[in-house]
Every structure is written in C-alpha cells, then in structure tokens.
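Order as written gives the chain letters A, B, C and D; numbering starts at 1 within each chain.
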Amino acid sequence: MFWKLRLPLALTFFVGLVPIVTFFLTERVFGVSFVRDRVEQYMVIIAGFALLLGVVNVVQGNVRKIERRRPGWPFAISLLTGLFVMGTFGLLSAFRVGPFQGILSAPDGSDTPFYWMTRSLFNPLQAAMFSLLAFYIASAAFRAFRVRNIEASILMVAAFVVMLGRTPLGEYVFGWIPGGHRWLPTFTEWIMAVPNTAAQRGIIIGAALGAAALSLRVILGIERSHLGVKGKS
Amino acid sequence: MTPDTWYDPSRVGAPLVLLLVFSALVLFFIQRSRQGHALFIRRIAGITAMEEAVGRATELGRKVLYLPGGGTLDDIQTIASLAVMRHVASLTAQYSVELDVPNKDPLTFAAARETVQEAYIQAGRPDLFNNETVHYVTYDQFAYTASITGLMVRDKPATNFLIGAFHAESLLLAETGQTVGAMQIAGTAEVTQLPFFAVVCDYTLMGEELFAAGAYLSKEPAMLGSIKGQDITKAGLIAFLILGILLEIFGIHWFRDFMTIS
Amino acid sequence: MAEAVGTWLGAFLTLCIFSFLYRDNPFFRFAESLFAGISLGYYIGIVSNNTLGPNLFQPLFTDFSGRAHLLIPMLLGLNLYTRYLPKIAWLSRISLAVYIAYYVGINMVQKLQGEVVPQVGQTIMNPIGGTYTPIDNLIIIVGVLAVLVYFYFSIEHKGVMGPVSRLGIWFLMLGFGAAFGYTVMGRVSLLIGRMNYLFLETVNATVAVF
Amino acid sequence: MQLERLANIDRRVVYLLIAIGTTLPILLPIGFAVSTTPPVENLYHKIEGCGTDDVVMISFDYGPTTAPECTPMAEAVMRHCFSRGVKVIVLALFPIGGVTMAGETVENISAEYPHLRYGEDYVFLGYKDGAQATMKQMGVAFSGVFPRDQMGTALEELPLMQRVRNYENVSLIVSIATNVIGEWWANLVNAQFGTPVAVGCTAVSAPKYYAFLDTGQMLGLLGGLKGASEYERLILDGYPELRRIYNRTGVYNAMKGMDAQTVDHAIIMIFILFGNIVYFLIRRRDRRLGTA
C-alpha cells in the first residue's frame, strides 16, 4: 500500500520539477540537453503505446455488443471492419511490409491504399462533420440570442453587429450617407480589436494563473484525482 | 547561439520572479489553511449546480454523460477535468445513477478509468463500476464528435458534463445535447470555444473557474489555500499593472520593460 | 477511375452525415460507426509510421546497444497494460504519473512565462500613444482589470467588487458575442466547401471518367 | 399558444434555409456589390504596375480545408498576372495538401491561357518541407532548394529560371496562407531581402495580419472570402474579358461564396430578430394577462 501511493506521488514531484528547473538553464548545465532532446520523445512514445490501450477497449466493447446482440449491433460490425481494414493497411505501410512501401504515397509518388481510404472515406467524413457547424451555429444563434437581461442583450447585440459588419449588408446599412458604408465594418473591427481583446486578455491571465496553481497542486501531490488516489491534506 | 552562462538570461527575469513569488504565496496559504485559518471562497454557479444536475438524472432515470474534452493528458485542462470527474463520479455512485465517460485521448482514458473506479470504491459502490463506464472511442476529433452526438440522441442523457479542452467540436456537442433536453454544465479554458458554451449550455466554468473547480469541490483546506494564494498573486498583478500604467504616463518604463521578454 | 469512385463514396458518406440534421437514422449510424473505425485505424497507421517506427523500433533494431535508453519509454508504455493484471494493476499508475508530471511541469512555466508575463506586459501602456486612441487604450485597461476582478474567488462580490465584477461580465459577454458573430463566416465557408464537393466536384469527377 | 410555437420553430427549418442559402448562390450567382478596400487595392495596383519582364511568385501555403476561401485568391491573382503577361513562379510550402492545391490551380488557370508556355511564362517548382529554412535558402538561389521543378526538369533548362536566380529577380511575392507561413514571408523574407510581400489569408487569421500591414511588412492583404471577392471585382473591372470565366455556372469563385455568406448571415440575423420580436410579444401578453 505504501508503494502504491508513495511511489507515484514521489515520481510526480521529481519528474514535475525537471522541466521547471531546466526551463531556466542553458544546455551548458549537465543533463539539460538530455531533458530537452530525449524526454519529450519518450513521452510521445508512451502516448503511442496508449493508443493500443484504446484500441483494445474499442474491440472488446464492440465484440461484446455483437455477441450479446445489443441494439445497433450491426453497426459494430461496420466499425470493426473499418478499424481492421484501415489499421491493417496502416500497419503494413508503417512497417514497409511487402508491396506497402510508404504510408501516404509509395516511393514512386503513387497513392497507397491507405491514402485512398484516407482521401475517399476519412477526409470527407471529417469535413462533413465539421461543416455541420454552419447549421448548428445558426440554430444556436436563433434560440439563444434573446434579450432576456442585460448580459444576454450585450451578447446578442455584439454578435449581431459583427455578423452585419462582416458582409456587404453592413455596407448598405449606412451606405446612403456619404462615406457611411465604412462605418459598420470599421465598428466591427473596433469591437474585435478593443473590447474583445480586453476580455480575452483577462480570461487568459486568469486561466494561466489557475492552470499554474493546479500544476503546483499536482506536483505537490495535493491534487491526485488523475491517479485514482483520494486526496488528503 | 548558446549563451555562455548556465542560466538563460531571457527567462530568469520576470518569469522566474513570477514563478517564485507565485509558488511562495500558494505554499504560504496552503500552510495557513492547513493550520485551520478559515477561508472564504465565493459561490461558483456551475459548481453548485453539479449536485442538482446528478439529482436530475436520478429523477429522470437516465444516465449522466461526462466528456473529458478533446485534449490529451498533456493539457492541464484535462487534469482539471479529472478532478471534477472524480467528484461527479462520487455523486453518481451515491445516487446510483449510470455514468458514461467516453474518451478521445487514450491516456486520458487510462487515467479516467482509475479516477472513476476509485471514486466508486470510496463511495462504497464498486458494484456500479463496470468496464463500460469509462470507455474509449477514437482519437479523431470529428469521428469522436460523430459518435458522441449519436450517443446523445440515442441514450438521451439527463445531464451532460463537457469539461476540459474543447475545440471546434464544442458547439456540435453542446447543441446536440441541448436538442435532446439534457442539462449541460460545461467548462473550458479555450478562449475560442467559451462563447459557444456560454451561449448554449446551462452553466459554463470559464477559464480560471475550471482550474479552481476541483479544489472547490474537494473542500480540503490545502486545496482552498492554493486558491487563496492564486488570488493574492492576482491582486499583486493588478496592483503591478496599475502602478506600471501610472509610471508609463510619466514616461518611466521600468515595469513594462521588466515584463517584456527579449 | 479510382478517383471517381472515391469522390462518389465521399459524397455518399457526406450525405449520410448530413442526414443527421433531419434525425438519427441508419445511414448516419453507418457513417458514424465506419468513421469511428476508420479513424482509429488511421491513427494506428500514423502513430506507427511517425512515432513508434522511426523513434523506437527502427533505432532499436539498427543499433540496440547505442539506443538502449529507448527501453525506458518502451517499458513505461508497456507498463500501461499492467492494468489488465489485477495483482499489479497499480503499476500502470507509475506511467501515468510520469507522463502527467512532466507535462504539468511544462505547463506551469509555460503558462506563467508565455501567457501571464506577456499579456500583463502588453497591458502596461501609456493610454496616450500606440496604435489605438487613448479611449480605446483605457477601455482595454479597464476591461482587463474588470475581468480579473470577476475571477477573484476569495472575496464576496459586494461593495466596490460588485459593480466592477459586473462590468467584467459585460466585457466577457461583449467578447463572446463578437467572437460568435465573427466565427459564423468561417463555418459557412466550410459548408460552402462541402456543397461544392457535393454539387460540382462529383460532377467533374464523373465527367473526367467518360 | 400560437406565439410559443413561433418562438420554438423546429430547428430543421433553420437548417433547411441555411442549406438553400448556401447552395443556391453557388449555382445561381446573385452578385451583391462589394466595395473594395485599400489592402486589396494595393496588391491589385502593384501587379498593375508589373510588365512582361516582371516575375511574381505565388506560394501555396494552405491546404484543402481552407480551399473555399483560399483557392479563389490564388486563381484571381494568377489570372491577373497571366492577363498582363507577368511571369509567374508557383511553389507550395504547406505540408498537408499544399502541393495538390498548387497543382490543380496551375493546371486549371494555365488551360485558360493556351498561348502561355510552361518554362517561359510560368514555372511550378513543387513542394518543400520546412518553410522557414526553404525561404532563407531561396534568398541565395532557388536552385539550391528546388534543383528540379515539379515535373523533374532541371531548373537551368527552364528559360524563365535562367534569368531568375533568387528574390532579387522577383518583383512581388504573394503567399496564400492558412497559418503562420504567411507571417514568415513578411517577417523573414520581406525583412531580410526587401522583396514586397502580399498575403491572402482566411478570415479567421486576418485580424492578426493587419499588424503587418501597418508596419509595411506586407504590401497588401486579402482577408477571407471578402478579400478574395474584392480582388475578383477589381480584375473584372480591369479585364472585362475575364467575365466569361467568372460568369460560368458550375465553377466556384469568391463572389459566389460571398453571396452565400451574405445570404446565410442574413438568414441568421432575420431569425434572431424574429425570435426576439416573438419573445417581446410573449412578454407583453403575459404582462397583460398578469395584470388583468
């Protein structure tokens, strides 16, 4: 029990101090270049191994779904098929097995099956999902922008003015006054550059301090939820 | 290019001073708080609403969905999310509500599993935790989003927690959650996504509130002390800012120069 | 030909995703589950090709003794799987602890050095001068201070704190509204791209075949 | 009860209108008048000042994800150069799909100008990894980074490249950029070598780029679809023969995109106004019922 708790916390403390201390030092100090060059690379490798952890969980969950004929089980088959086909091409290409001598393009510049699947299936799915935002941003604006109170009104008016100012419509509003066609676009740019900057700066400074305080709590072992260990003072 | 000193002169100025002052203040207030000095922390609506949100799931007999965000475990927002997750998991264990934590980042998935399982054990309900409570989906931002929106529409969770680092998917998730009638508590420090959460969700923990949430929920003196230390640093920075601006007006650039990284 | 088939497949899947706007349906579920599977397969390939291959296996295979230090991350990575062995399940926490601790340390200095210092530094300005008018500069200064006051946790927002933190919220709302309105254009551009794909590119790809 | 129904219109009505509002303008151009702004005009006038001896470099620093905004800019600038007989050197520095974008654009636009000859009037260098290093090396010699062009021909065999050695022989660099690469052209190439730089970027990154315009590191700036449509407007006014290209149906351009943007923005704003009017009516009714 001692080791189960103490070892992770002790490691957290010492490993956490490493980047903080080396941050202020130059590579003339022993060990600094090791940390800068290698530790980051180590972390990427650990993260790489973790992906398989996720894959195992996905396969387990979906196989169980098919076995128990849970609702929607046929879709688990299409999921596993996609995973298997794409994953196999990916692994074969990554480790240059047989005719698979490259992941996104073969040595002669031609497309690989992995790339074909990426371009024909993966990329359109990504782009389609991403573009749904155009619909959602419209329905969210309609539903949420109501002048309920001062805060909601400020929110709405700011959004409305900026939307107007960013299109030719913004030029038409005061376009009948000589020189007026630039008023709204200019005002829009002002909102973005002045009050918006102030709000963003305030959030960033506050959030950065909060993040630093949380970091300190983790390094000191006060915050340890991520290890599944209950905190105590 | 390498400077001939053992320390990096561009970094030991303001950043080092800030780091030392900040750490000292936080440590001081942690110590003070542990000695029993009571601390006031104001109410944060999104945090107070969490219990009600889980209670709602009990009434409706539906699950609680907890999304730890699209960030990886190297993002501090994800660590903040795990701290909140721990609390939410204790609540769902106490109320015997089903909890569902789908993950995008595999390491976050590993950590979340530890967090939730331990919370269930501590709450005396290890029987409620199973292999599907915390599960993995996929590493791709929009594939993950597609799966989660589908899940929301089919399972109709009573409450959605969207807490952590979110990017363009924020609005897709929050808007879908809204259509299925879920109560939504969001929290992120991504400045670009805060507007969408603020517009769509019932409660939003903004920036610093997200990082304070875990400490606030734990109610432990050491945690609360660290918030106090952070606040005092902030007060110091505000004073520093005002003084700096006054000096600027008189043409004295000390403060500005000190904060300008060469 | 493969090009045209690819374009048509892509267009079909795009429509499957768009059908979700009407309601959940088997086409969307198919696209969604295929998407989850393919994307995971994609990252298996990419992570092996870009990380595990060149940074771990190839160096180890070509020069084992010289790169034996790479066994450290490899063991830490494999150690994640002890989770499946109940007796030593706790060991996996060591890998998590090391990973988290390293990035938490990095985050701490980066946030202070990269965000707090420059953002405060930029706000320390003489209101008269610079690219903006004095009034603009004052608005920025007041806005930053008010938002910081809003985030002050350990004092009740009463007295002077009350109105100032209220002003902070107003600034936040103004910023959020503006950012929301500003983003609409980018999102619509994405949709325009998809509509082009559906209406123009599929046609062009088909024409190219014949 | 009627009012509540209006306040909670099915969101699918909004979706449908957005879908129509995006598709129709692409298929049937409307042509909202856009006024042009100085950052765009500057670039136009710079190219207007170029003759057949001048060389303009167009760098494709974006990928397929931002193509709806960026491709029309690249096309318009390239058409402008070709119409004036200005020589063009094309390259790509964006890793994910930049070279594909460049290849497609060169192919499409050069087909519109059949009298122009590859190697004499325009050259496509291809893609190189590591944008900053590439930019620096090109200051010495293009052939140092691109010994051969995209088709594998050695640069010394291309007539145009025989007289164009490095930035000194280039009158203008136009970077169509989706991220930081556009900035590098300004603060690296313009700052070190003095070659004028103009950038076309997505609407999202435009505000950040205005700072470079203020300092003169960028000569012109096209921001998002709006900037692209302004440029199209300028070349159409200057070169009426381009109308036959821009009025074709079935081909996308920024003016059509801007029409779609305008219609969609209008739809959203009308819905917001409508929602608030209904909200007011409900409140007024409830207040009246409450006092009655």
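As a convention for this text, a residue touches a chain if its C-beta (ideal position, glycine included) is under 8 Å from a C-beta of that chain, and two chains touch if they have at least 3 such contacts.
Everything numeric in this text was worked out from a predicted model, so none of it was measured.
Among the inter-chain contacts, the highest number of C-beta pairs connects A-C. Compared with chain D, the chain whose C-alpha mean position is the greatest distance off is B.
A straight line joining the Cα centres of chain A and chain D is 26 Å long.
Separating the centre of chain C from that of chain D, both taken as means of CA atoms, is a distance of 25 Å.
Each chain gets one centre point, the mean of its Cα atoms, and the points for chain B and chain C are 15 Å apart. Taking each chain's centre as the mean of its C-alpha atoms, chain B lies 38 Å from chain D. For chain C, residues touching at least two other chains, in rising order: 17, 20-21, 29, 31-33, 35-40, 42-43, 80, 83, 93, 96, 99-100, 103-104, 106-109, 111-113, 116, 120, 123, 141, 144-145, 148, 151, 172-173, 175-177, 179-180, 183-185, 188, 190-191, 193. Multi-chain contact residues, meaning those touching two or more other chains, occur in chain B at positions 11, 15, 19, 22, 73-74, 76, 79, 107, 110-111, 113-114, 137-140, 142-143, 146, 154, 194, 196, 198-199, 206-209, 212, 227, 234, 237.
Residues of chain A in contact with at least two other chains: 20, 23, 43, 46-47, 50-51, 53-55, 58, 72, 122-123, 125, 127, 129-130, 132-135, 137-139, 141, 143, 145, 155-156, 159-160, 163, 166-167, 192-193, 200, 203-207, 209-212, 214-216, 218, 226-229. Taken as a graph of touching chains, this assembly has some other topology, since it is neither a line, a ring, a star nor fully connected.
In summary, the structure contains touching chain pairs A-B, A-C, A-D, B-C, C-D. Those residues of chain C that touch chain A in the shared complex are 2, 5-7, 9-11, 13-14, 17-18, 20-21, 29-49, 51-53, 55-57, 69-70, 72-74, 76-78, 80-81, 83, 90, 93-109, 111-113, 115-116, 119-120, 122-123, 132, 136, 139-148, 150-151, 168-185, 187-188, 190-191, 193-194, 197.
Against chain C, in their complex, chain A makes its touches with residues 4, 7-9, 11-20, 23, 38-39, 41-51, 53-55, 58, 72, 75-76, 78-91, 93-95, 103, 111, 114, 116-125, 127-135, 137-138, 141, 150-152, 154-163, 166-167, 190-212, 214-216, 218-219, 226-229.
If you check the complex, the residues on chain C that touch chain D are 21-22, 131, 183-186, 188-193, 195-196, 199-200, 203.
Contact residues of chain A toward chain B in the complex are 20, 23-29, 43, 46-47, 50-55, 57-58, 60-61, 72, 122, 125-126, 129-130, 132-133, 136-137, 139-141, 143-145, 155, 200, 203-207, 209-218, 220, 222-223, 225-233. Those residues of chain D lying in contact with chain C across their complex are 12, 15, 18, 22-23, 26-27, 65-69, 202-204, 214, 224-225, 250-252, 257, 260-261, 264-265, 268.
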